[in-house]
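Below: one structure, written as structure tokens.
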Amino acid sequence: MRILVVNVNTTESITETIAQQARAVAAPGTEIVGLTPYFGAESVEGNFESYLAAIAVMDRVMAYDQPFDAVIQAGYGEHGREGLQELLNVPVVDITEAAASTAMFLGHAYSVVTTLDRTVPLIEDRLKLAGLYQRCASVRASGMAVLELEEDPLAAMEAIVRQAELAISDDKAEVICLGCGGMAGLDEQIRQRTGVPVVDGVTAAVTIAESLVRLGLSTSKIRTYATPRAKKVIGWPSKFGR
Amino acid sequence: MRILVVNVNTTESITETIAQQARAVAAPGTEIVGLTPYFGAESVEGNFESYLAAIAVMDRVMAYDQPFDAVIQAGYGEHGREGLQELLNVPVVDITEAAASTAMFLGHAYSVVTTLDRTVPLIEDRLKLAGLYQRCASVRASGMAVLELEEDPLAAMEAIVRQAELAISDDKAEVICLGCGGMAGLDEQIRQRTGVPVVDGVTAAVTIAESLVRLGLSTSKIRTYATPRAKKVIGWPSKFGR
Amino acid sequence: MRILVVNVNTTESITETIAQQARAVAAPGTEIVGLTPYFGAESVEGNFESYLAAIAVMDRVMAYDQPFDAVIQAGYGEHGREGLQELLNVPVVDITEAAASTAMFLGHAYSVVTTLDRTVPLIEDRLKLAGLYQRCASVRASGMAVLELEEDPLAAMEAIVRQAELAISDDKAEVICLGCGGMAGLDEQIRQRTGVPVVDGVTAAVTIAESLVRLGLSTSKIRTYATPRAKKVIGWPSKFGR
Amino acid sequence: MRILVVNVNTTESITETIAQQARAVAAPGTEIVGLTPYFGAESVEGNFESYLAAIAVMDRVMAYDQPFDAVIQAGYGEHGREGLQELLNVPVVDITEAAASTAMFLGHAYSVVTTLDRTVPLIEDRLKLAGLYQRCASVRASGMAVLELEEDPLAAMEAIVRQAELAISDDKAEVICLGCGGMAGLDEQIRQRTGVPVVDGVTAAVTIAESLVRLGLSTSKIRTYATPRAKKVIGWPSKFGR
Amino acid sequence: MRILVVNVNTTESITETIAQQARAVAAPGTEIVGLTPYFGAESVEGNFESYLAAIAVMDRVMAYDQPFDAVIQAGYGEHGREGLQELLNVPVVDITEAAASTAMFLGHAYSVVTTLDRTVPLIEDRLKLAGLYQRCASVRASGMAVLELEEDPLAAMEAIVRQAELAISDDKAEVICLGCGGMAGLDEQIRQRTGVPVVDGVTAAVTIAESLVRLGLSTSKIRTYATPRAKKVIGWPSKFGR
Amino acid sequence: MRILVVNVNTTESITETIAQQARAVAAPGTEIVGLTPYFGAESVEGNFESYLAAIAVMDRVMAYDQPFDAVIQAGYGEHGREGLQELLNVPVVDITEAAASTAMFLGHAYSVVTTLDRTVPLIEDRLKLAGLYQRCASVRASGMAVLELEEDPLAAMEAIVRQAELAISDDKAEVICLGCGGMAGLDEQIRQRTGVPVVDGVTAAVTIAESLVRLGLSTSKIRTYATPRAKKVIGWPSKFGR
């Protein structure tokens, strides 16, 4: 089985990190293909960048010319998953939802620790729309920008652990979700530091995508995610950014 | 004052209809500028097209090279308003929210009558995120596609009235919102046929945009809609579709 | 167009303040008529006083013997708007709802800063019933009584700013609503002090009332706000307080 | 112990019916005093009448010059209970809430069958504010006006039973609440006809009021229902209607 | 009338305390029978113990061979009430729900002060299912285990008062519910210390059970709580623990 | 990896069906062990039976004397999962939650089709507590008892398909969950008949349990699901039913 793991930003090193993390949990026989969008922001931290990423991810997936079995959108709190579901017949898994869905099997309430404060409302809104917010104790910002996660991993770790500890003590979280694709790989350390299960959305999404494929399940085409109607669409397939 | 009224699809005749409707209620001294996106679907009826429209609307507004005082996004249930709010310092008004917000001053519950069934969940989701759904009695589909509204206005009128009547009798709606920018101008007839107030999102949005400007109010830049951080963005400003 | 702006308490100087604030934003051609109830409390700060005001406001409006185009009920969190909607055929706008509705176009979440702590639950309840509470970050009390706003405006300003700042930092409000008709005119200073948009319910209500009139929209009479049935009502039209 | 049972309308025969029903379940030693407001509508079926009743009930209770231990407000979906709680130190029980609260001990979901359709939203709103709506399957109108309950009891019974049956079959109600003080005494017959428990708000309220007195519990005065502050109130104590 | 008051744990001294508290408020003619389960934990502080108690309480009630008129399940936040409702034709009252239901007649919001932090989510969940959570300001843990309430009553009192005070000041509770059957009898002191009404679930439940019997009301058998279907059940009637 | 799949009722043939279904999707290297409780009802269709099953499932799992990596509780809408989470250190997956969680990756809304009408509220309540109800379009009863699924599979299929079709057309479900462990194996046929994805909770749970094990994640022990405190528990380990 081949799973496309699509970064939401245009920083290739993050695509590498994500793909590597995905491969670490993939079942034997699962091929992970990391994709970087052709256009968009080097890091996605807000609505404009997220909307641009939504289209860039769809564009990048449509440009992929080999067969594949599932797609993972590896951005936390980002737009666009519904569009991919319309365009494709294979399962689409968003890591925000994968992490929350997994966390809910592990504790009574979970918190998300993300990057900048300005992204918190985006994550909350995506979780609310997904119907996965009721057991969310909090979404907390570490204050680290996406690219700082790579530049200063030690400071990032400390900032994330501090917010995770506050989520546990003050918000009564029992599970922590790592709220950024770029945090892939930090889960084990944070688990050791906080004593609670830590869910990385990328690895959670890999197992969910594999499971859907194995169960022969894919997106319902009966209403919301029906294939777009045949019509004139200017500028698509896209040359945007190329 | 100059208000940009941006169509979400690339059909210019709809831009005309919308702008004309907007001008009919604009205050003396308000200039209405109708804009059509440079790229995107000829009609927006689903998530992929809506996400593409989100970027196309931002692109079109950013390409406008004259000063303006407010922007109206004239698509019902579409994505993107939050991105515009980040990119601009002037008020941004979405017609979905303008209609709901206005309807809530007129009756205890309102319903939306829209085009195709597949767009119903999009409208519901946007109203939920906007915190304007609690008093929504229902979102009902007339079954008419966006372009059919122009092609067969008589059939469209009948289909809309039928659903409006069901919304009143079965869902206990006391106000009807016209759930498509392309329905601009039908409100008076439907009001006469149903006996309840009918809100057209475009005209409602014009008065709200004018009011915000007059009150000296614009988007809060303190958190969610702060200006995007300076960073490298590939493919933007866009050449997409040109 | 003539708009009645009705104070909820019997202190005439507050009526003056409110009417003056309303006139400052009214469109050319809009006449603002400030009305003071014939009976009720000198300041409304609780349920008993608020229920009395509900009837006193209806009584005062019914006693007004000239034509008018809309009514604004200028009390924050007070009862009675629904009754006016039944009695009248012109639009009725409550400043609590006008402020919240306007704030929601400006930021992701808003807070209300009001007078005494005991009025907080009333405001919360009115916003909940109105379906405008979901994006309310908090309702905070400044601790200043209604009449103290006039008696000690400097202390009032400081107390309001302090709570507004806490609403922004702790509750994540992005917009502040001034939660008392008697705070009319403080918005600009508080905006400068806090850096976020500040909504005054009275001015917001004026623009909304004007807009509804311009759009030819008024209260739906089909169900909840139908004209009261003809029946024997003792003590009405009222001589109460005269 | 003496309990005041206050009718919300000015029709004395309904006061009689209610008081008689209350006496039928009162414990030995409980004296039931039926009170009719001095002013207001002969029947309360909407917001204006309900707001007037709110004040009329407070007025009537304050005019009662003997000691008493609790007050029951015998109107379904009416305003005013919170005002009485501020004015008094003894427990105040609203029959809408008494019925719902009791019904929730009897089945998984309950429905209310009331009089006219226009009163349905009032009842729903009061239940929502009271935090008793979650397990409400529906509020249904029998179409019988308050006074018709007395004038044509057979037709009323049939209309109520019909809606109760629909509530059970379609809305999955397991308990029926009689949604009008004037329905007092019909519970036993409707129970026999429908096979489910039927709660009359008046009798439920009597047992709750007695229980609160016996437990030595009364309204918390710490915040929302604190005694009104000393201030100038024009027209109160009221001469309204006298 | 005879009411069974069933302890949820196997510590007989707690049964004594509960029964004594129940007798103190029971009406003349009401006989209170305290029952201790034959099996289960000496104190119930978590899900496993609570599920075991659910069956143990049903088992103990079914083993009672005299007639009775109502059953009170005297555990806070415990499972099982629904099962008893299926097995019996008389009313069943859970003290968690009795306390919340009573508190809602006394103030705008209530808090629960319970034993160990680990029981907080159980209480919250039971209140949510019961539809009684909306006006719950908080559930707070005193940190005292169930058995410590008996062993060190002074320390328990202090710990409970401290949390009650925080609930009032920080969470805006206006009423306190004692969140453990073993706290029976502490209400009067805590009321004096905090100045707000304090509800003990056991005494509240006694008055509710008596009221339901007096009103001739019992569990609806039409759907959720219908008598179990005749079928083969291994190990029941139970020998469990004997 | 070894996964215990525990039936909630005592009918061994259902255990067989469930285990066989589980094995059909289990990954190479996963051993599925089907377990039947030692006591309880032959079919679980209500609260009493469900509470008894909760304890019976815990009892059966604790009596299993070999190592295992995860447990699946194969009852739809049943109690007890939280107790298992306290008693065990390995992941516990309930099929109700597994199915809902999986369905939410496949469509905008899902419905559950279950057995008898009386079990509908149990399923709704479990989904509500699990925070998975928001996107549930409906829970519908086929009217077939659990044992009838085996006795008359053709009638069962027809009844389930009929309700699934109504869920799709009337409730706007886009995915169907099979709401009974005993429906294992029917998914493919129903998918073909209805045209939407059909989720079987047992197979969904197998993939989720495997995924949690692979990700090294298990139940958080920090609060709600902490291991029960050491204390005296009469009648446990259980001899119940043996």
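To keep things simple, chains are lettered A, B, C, D, E and F as they appear, and every chain counts its residues starting from 1.
Just so it is clear, a residue touches a chain if its C-beta (ideal position, glycine included) is under 8 Å from a C-beta of that chain, and two chains touch if they have at least 3 such contacts.
In UniProt terms the chains read A, B, C, D, E, F = Asp/Glu/hydantoin racemase.
Keep in mind the model is a prediction, meaning the values are calculated, not measured.
A.B. asks: Have a look at where chain B (Asp/Glu/hydantoin racemase) meets chain C (Asp/Glu/hydantoin racemase) and say same if over half of the interface residue numbers show up on both copies, different if under half do.
C.D. replies: same
A.B. asks: Farthest from chain E (Asp/Glu/hydantoin racemase) by Cα centre, which chain is it? Let me know.
C.D. replies: When every chain centre is compared against chain E (Asp/Glu/hydantoin racemase), the largest gap points to B.
A.B. asks: Scan D-E, B-C or C-D for the interface that duplicates E-F, counting it as a duplicate when over half of the contact pairs agree by residue number.
C.D. replies: C-D
A.B. asks: Would you mind checking which chain's C-alpha centre is most distant from the centre of chain D (Asp/Glu/hydantoin racemase)?
C.D. replies: Ranked by distance of C-alpha centres from chain D (Asp/Glu/hydantoin racemase), the top chain is A.
A.B. asks: If you average the CA atoms of chain A (Asp/Glu/hydantoin racemase) and of chain C (Asp/Glu/hydantoin racemase), how far apart do the two points sit, in angstrom?
C.D. replies: Between these chains, centre-to-centre, one finds 44 Å.
A.B. asks: Would you mind pulling out the distance in Å between where the CA atoms of chain A (Asp/Glu/hydantoin racemase) average out and where those of chain B (Asp/Glu/hydantoin racemase) do?
C.D. replies: Chain centroid spacing, chain A (Asp/Glu/hydantoin racemase) to chain B (Asp/Glu/hydantoin racemase), equals 29 Å.
A.B. asks: Between chain A (Asp/Glu/hydantoin racemase) and chain D (Asp/Glu/hydantoin racemase), what distance separates the C-alpha centroids? Give it in angstrom.
C.D. replies: Each chain reduced to its C-alpha mean, chain A (Asp/Glu/hydantoin racemase) and chain D (Asp/Glu/hydantoin racemase) end up 52 Å apart.
A.B. asks: Which positions in chain C (Asp/Glu/hydantoin racemase) touch two or more other chains at once?
C.D. replies: Only 108, 121, 172, 223-225 qualify.
A.B. asks: Can you list the chain F (Asp/Glu/hydantoin racemase) residues touching chain A (Asp/Glu/hydantoin racemase) in their complex?
C.D. replies: Chain F (Asp/Glu/hydantoin racemase) reaches chain A (Asp/Glu/hydantoin racemase) through residues 25, 27, 91, 93, 97, 101-102, 104-108, 130-135, 168, 172, 174-175, 195-197, 199, 203-204, 207-208, 210-212, 214-215, 217-220, 222-225.
A.B. asks: Residue numbers of chain D (Asp/Glu/hydantoin racemase) touching chain C (Asp/Glu/hydantoin racemase) in their complex, please.
C.D. replies: 10, 38-43, 45-52, 54-56, 58, 79-80, 82-83, 85-87, 117-118, 121-122, 125, 128-129, 145, 223-226, 228-229, 231-236, 238-242
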